[in-house]
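Both complexes below contain chain A, partnered by chain B and then by chain C.
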Partner chain A sequence: MVIPDYYEFGSRTHIMAGYDALEQIPGLLSSMDAQNPMVITDQGVSRAGLVDILLQALDSRITIKTIQDDVPADSDLITVHTLAGQYRKYGCNAIIALGGGSVMDTAKGVNILVSASSDNLLAFSGANALTHALNPLVAVPTTAGTGSEVTRVAVISDPDNLRKLLFTSGFLMPDAAVLDPRMTLTLPAPVTAATAMDALSHAVEACLCLGRNPLSTAHAHEAIALISQHLLPVILQPDHKPGRLALATGAALAGMAFSNSMVGMVHTLGHSVGSVCHAPHGTCMAVLLPYGMAYNLHKTQPLLADLLLPMAGADVYARTPPADRAQKAIDWVNRMNQRLHQVTAGAHAVCLREMKSQDGKSLVPGHLLPKIAHTALGDGSIFYNPEDLDYDDCLMVLEAAFNGAPLDLSRVKKG
Partner chain B sequence: MTALNHFLCRTKTAFGTHALDHLPFDLSGMNARKPFVITDQAARDAGVHMVLARACRDTYLAPGLATLTDAGDFETLYHLFVDKGYDSIIALGTGQVVQTAKALNLALCLGPERLRSPADPGQIKGPLLPLVYIPTHPESGQDTAGETSFSGHCFVSAHLMPDIAVITADTMLGTPLAAVLDSGLSSLAACCEVFAFSGNPFARSYAYAGVCLVMDTLLPLAQQSDHGDLLCQKAGKHRRLPLAKLTHAAAVSGYIQSNFPNLKTRQAGAHITALHPAPSATLSSGLCMALALVHLLENSKDTCPWLGKLLLPLTDAAHYAGVPGPGQPDAAVRVIRELLQALYETLPQGMPETFDEAGLTPRQISEISNLLTYAHP
Partner chain C sequence: MTDFMEISPGRHHRKRLYLSCMLWFFGRAVQAAARVDDGVKSEFAAMPDNFTFCLGAFPSGPYMVVGKDSLGRVRHLGSSIADRTIHLHMMFKNPALLFRVFSFQESTPVANARNRLYVHGDVPQACAVVRIMDMVQVFLLPKFLAKRAVKRYPAWPLKRRTLVRAQVYVRAFAGL
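On to the complex of A and B.
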């Protein structure tokens, strides 16, 4: 075990994962003396009937003061301020966040305002601007991907100033994360695939990036094993509860791993594809993951080789000659993308060129690749990538990922 | 996975060289400016408090220092804290220092009268004052667990876990071999038991790291021990890093024990210790736990679904994958037996290798054996 000179690992969110995890919420809230929660969610979650399932599970053991289901796809300042007003109006003392990344981010933002009795979220943006514990927040994820239910980060957009505000603090970690397979049973196959590949990319990057450490790697390997074993079976049998629970657990473990290690170029490039083209984050991650692994191959060979074990299992690992294991792990991710492409009837894209919006338009036009490469240079995660990246390298990787072509490793500038 | 997995670790682990340099930043993040440092005479004699003082120099921190001498100190500490207006606690030391720091935290937040009766764990709703733990020795995991005992009462709550465990070679003191073995074997037993018998992936991740840390450090430390290591001397440089890693493993085993308060190896260890009211250095509770672990694993080789996988953290990926699945449980138990054997050889006076050699009667062994079975998932 290689231990870095210095590292930190902390994840103080109380995890409840199980088939009746939702039923644990009243007990969790009462252990925090918080009997008057507000539910924050979005219309999609509400329409999918998940709010009803939650309320049924809570039974009458707790009084929900108000249910706010207007969170937009991209959480923004106005929503946060409005919901903080509702929290106060209804005399709430806790939040149950039911949804995906945007709902989690919004709930974290609302919790900052109501806990600090403030009306100015901007005052808390940046790193470690919070110095006191926030009010109780219970996160119930309805996708198995982002890991925001255990992370210390919130991203909230400020549309008036065309910017995204980043909040990081240990106090932003939710008090509890409730992982219940009933919340993801009805997720469509392409969303299940993309979000799981996002989680997989968190775990893989946690193992490779410069901030890696023994505890984040242990969590990441466990996540990779769960996602690898259960993703395809769940796509084929969407209502398989143990598989859904395993994917939700894998996503949370991956979240704990990367929030203690950071990520690398897969996210560097993926963030900028997302911000330039408004392309869904999970699909960007799925497409870019094997490219990020290949680009860093010469710097992370043993680490990549280690990934083959949780990905493909002991038999494949033992049968593969040691020198080939790293490449085999990259091939495994490529093959997983191809299988997902097949079983989703092409909805899961395997290259950037293939990514389409709901009305069938190309989401990532080729002429934007230079702009994406340029934007990538400003992303914080670039510093944690094992190999240095400049504009030419970013563009080279993006072009290969655009066409689904193998990366020409001889063109990687080795630092 | 089992029906409901829950896991809570309130402690952030900060490990490594110069880890103390990050402490002022972390304390400011918890709005703590005036920490009350509790330490013991051994740490003080070795000058470890000066390492902490250096890290606080030129920062906004205004720490105060108290050295624990005997149990009668508690009232003094309490009044000192209140009178001087401290806002957080740093436990610089291991064992008694940490138990006192936790009890002080309870007294400060819930009132000193609460320490006179065992509290219903549900009643400690926290959060308590910021508590930083800076160990000077590897220990048994009690320091980072959410529990403390004070005046014969045991208090249990996750809020008693330290907020941060700063584990660094810079504060490690020389530790007698017996204490090193006690800590390493107790961490190994707790982490192996959870890894082999729990399907909880959150706990298994910590347990995995804990097993690796012990396997990396315990035997080399024992082999280089010269038996002359005095408790109050600063450990030699070459020994400080492995001691810190072993302390890291102990911290991890404490996180695990907080979540699994009924570990069989721990129960059996306590049972054996109770049978030997004055345990000798050769029959520490860590060794009892390790003997119990071997017994437990042997009992469950055919029924425990995750036992074979234990071979992975005990060895490495190549070794694990090279052993065919059905042979893995045996191989895992063999690795632990071989480790114990190699450890015995480092001790001139030897160590018991079985319950029998430990002096237990057949009736006692059968009692313990009954403790060491699992109802399998």
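On to the complex of A and C.
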């Protein structure tokens, strides 16, 4: 590992992980003198019975002032403003965010408004617009993927202007992340697969992209090892608690890594597929990850080669000649996708063309690829990718990923 | 880096003068390229009229201000940010960090990844400005320096490398 001339790393979130992690929340909140929390969640989480499990664990040791379970799949400004009103109305002094990325990002948005006594979230968008610490926020993730429970980032959409607002600040890292396997035991296999591949892509991009540093890489390598070892076994045995805890830990580690090093073209293209086609983020990541690795191969060969060890284990790593390790890491991700495709009876897509909505409609029509490529050029993560991408490069990668064809490396322009 | 920290007014002034000159010429070259190069032209075409951006260093410059006027013409607006509405700020956290980039010790993408600058404004527009800066650097710099400044040195057609580049130079010096 080459140590950069300069780097920054911050991670302030207190991690509470284990089989009785939920039970520790009341003690945590009273240590912060915040015994009147609001619970923010969504209906899927609530229907899955996770709110009940949380309430049981809290065992009326704290007074939950209100439970709001109306967060939509894509967190938006209106929801944030409404929930901030509820927080004030019920006199809350903390937030428990129970859900996936959208719920946690919504909670971060609400926390900005209530902590700053403001009614205008727009005033805080962008990088480092926050200057004061926020009220207590406890994140309880119900997927093992986004890593939002530990990141300095929140993405909230502005439906009036059809854009996604990005908020970044060290103050957005939650005070605590509670990783309890009871929250992911009932997650359906395709969602477990897609969200874990999102976490894997955070870890891989953290290792390859321009903001990488020794601390982010250390977190990312351990994340890759945990996800690689436990993802398939958990899909085959969904109620395996140690495996679920390992995936949750892997996702949090990957979150800490990319929150500091940022992500590159896998997310550049994935965000764009997501915003143009409303396709789920995790599946986009799973499909695009091997393409991002292959595209950057000529610039990141030794870094990619190092990833084979946490991915495939010491035996495979030692058996593979050093010159072949980078390519083998890419092959490993492809094979993981194929295995996930098999064990989820085809629900885990391996190319963009195969991505289907719940009613079986194709999510990513081929004629939208140029529009996706164009959108990608405006995504900030493109800055952090090791190799440059212009419109033609984005389209070339998208076309290959659409058909599930290997990337033609002779078409990758090298400066 | 270390020698910049020394209290050495002479050196400090020389570096500031160097940066001011570089930014001034760079700004004129952006204006020139926006007139004669299709690549730069099309990036600006996607920006709204009356859009102004600034590249510079905290806390007190130097700065380079470039904008599109109400008729859509791209203009170098000089080195002062006073009394101007600026829609996109790309500010290095101090002049030493800007110097590292303009003396080709660190590329803009690496500086950005190392958290050395603040970007305030619309992200897609910031992406477009970075692409414009990359193209103008390729016009202005000899290949061995440009290769340090951009991620990938582009394979441009002969006309763009020779004729258009010459036009950018002439216009930048003449202020056209």
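One rule holds in what follows: the second predicted complex is superposed on the first by the 414 of 415 C-alpha atoms of A that agree within 3 Å, B and C clash if a C-alpha of one lies under 4 Å from a C-alpha of the other, contacts with A are read in each partner's own complex, and residues count from 1 in each chain.
The rule is simple: a residue touches a chain if its C-beta (ideal position, glycine included) is under 8 Å from a C-beta of that chain, and two chains touch if they have at least 3 such contacts.
It should be emphasised that the depicted structure is a prediction, and the values quoted were computed from it without experimental measurement.
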item	value
Overlay on chain A: chain C relative to chain B, clash or fit	fit
Touched partner set for A:Leu210, first chain B, second chain C, both or neither	second
Chain A residues touched by each partner, larger count belonging to chain B or chain C	B
Contacts of A:Tyr384 with chain B and chain C, given as first, second, both or neither	second
Which of chain B and chain C A:Met262 touches, first, second, both or neither	second
Which of chain B and chain C A:Gly126 touches, first, second, both or neither	second
Which of chain B and chain C A:Pro4 touches, first, second, both or neither	both
Partner chain in contact with A:Gln24 - chain B first, chain C second, else both or neither	first
Centroid geometry (CA): angle chain B/chain A/chain C, rounded to a multiple of 10 degrees	80
Closest Cα approach, chain C to chain B, once both complexes are overlaid on chain A (Å)	5
Overlap of chain C and chain B interfaces on chain A (superposed complexes)	4-8, 128
Residues on chain A engaged by chain C in the complex (per definition of touch)	4-8, 126-128, 166, 209-211, 261-262, 377-380, 382-384, 386-388, 413-415
Footprint of chain B on chain A - complex, ascending	1, 3-21, 24, 31-33, 128, 130-133, 169-170, 213-215, 218-219, 221-223, 226, 242, 245-246, 249-250, 252-253, 256, 306, 309, 314-315, 317-318, 322
Complex contacts: residues of chain B adjacent to chain A	1-19, 22, 25, 28-31, 122, 125, 127, 158, 164, 201-202, 204-206, 208-209, 212-213, 216, 245, 312, 317-318, 320-322, 325
Of all residues in chain C, those that touch chain A in their complex	106, 109-110, 112-116, 118-121, 123-128, 130-131, 134, 147, 150-155
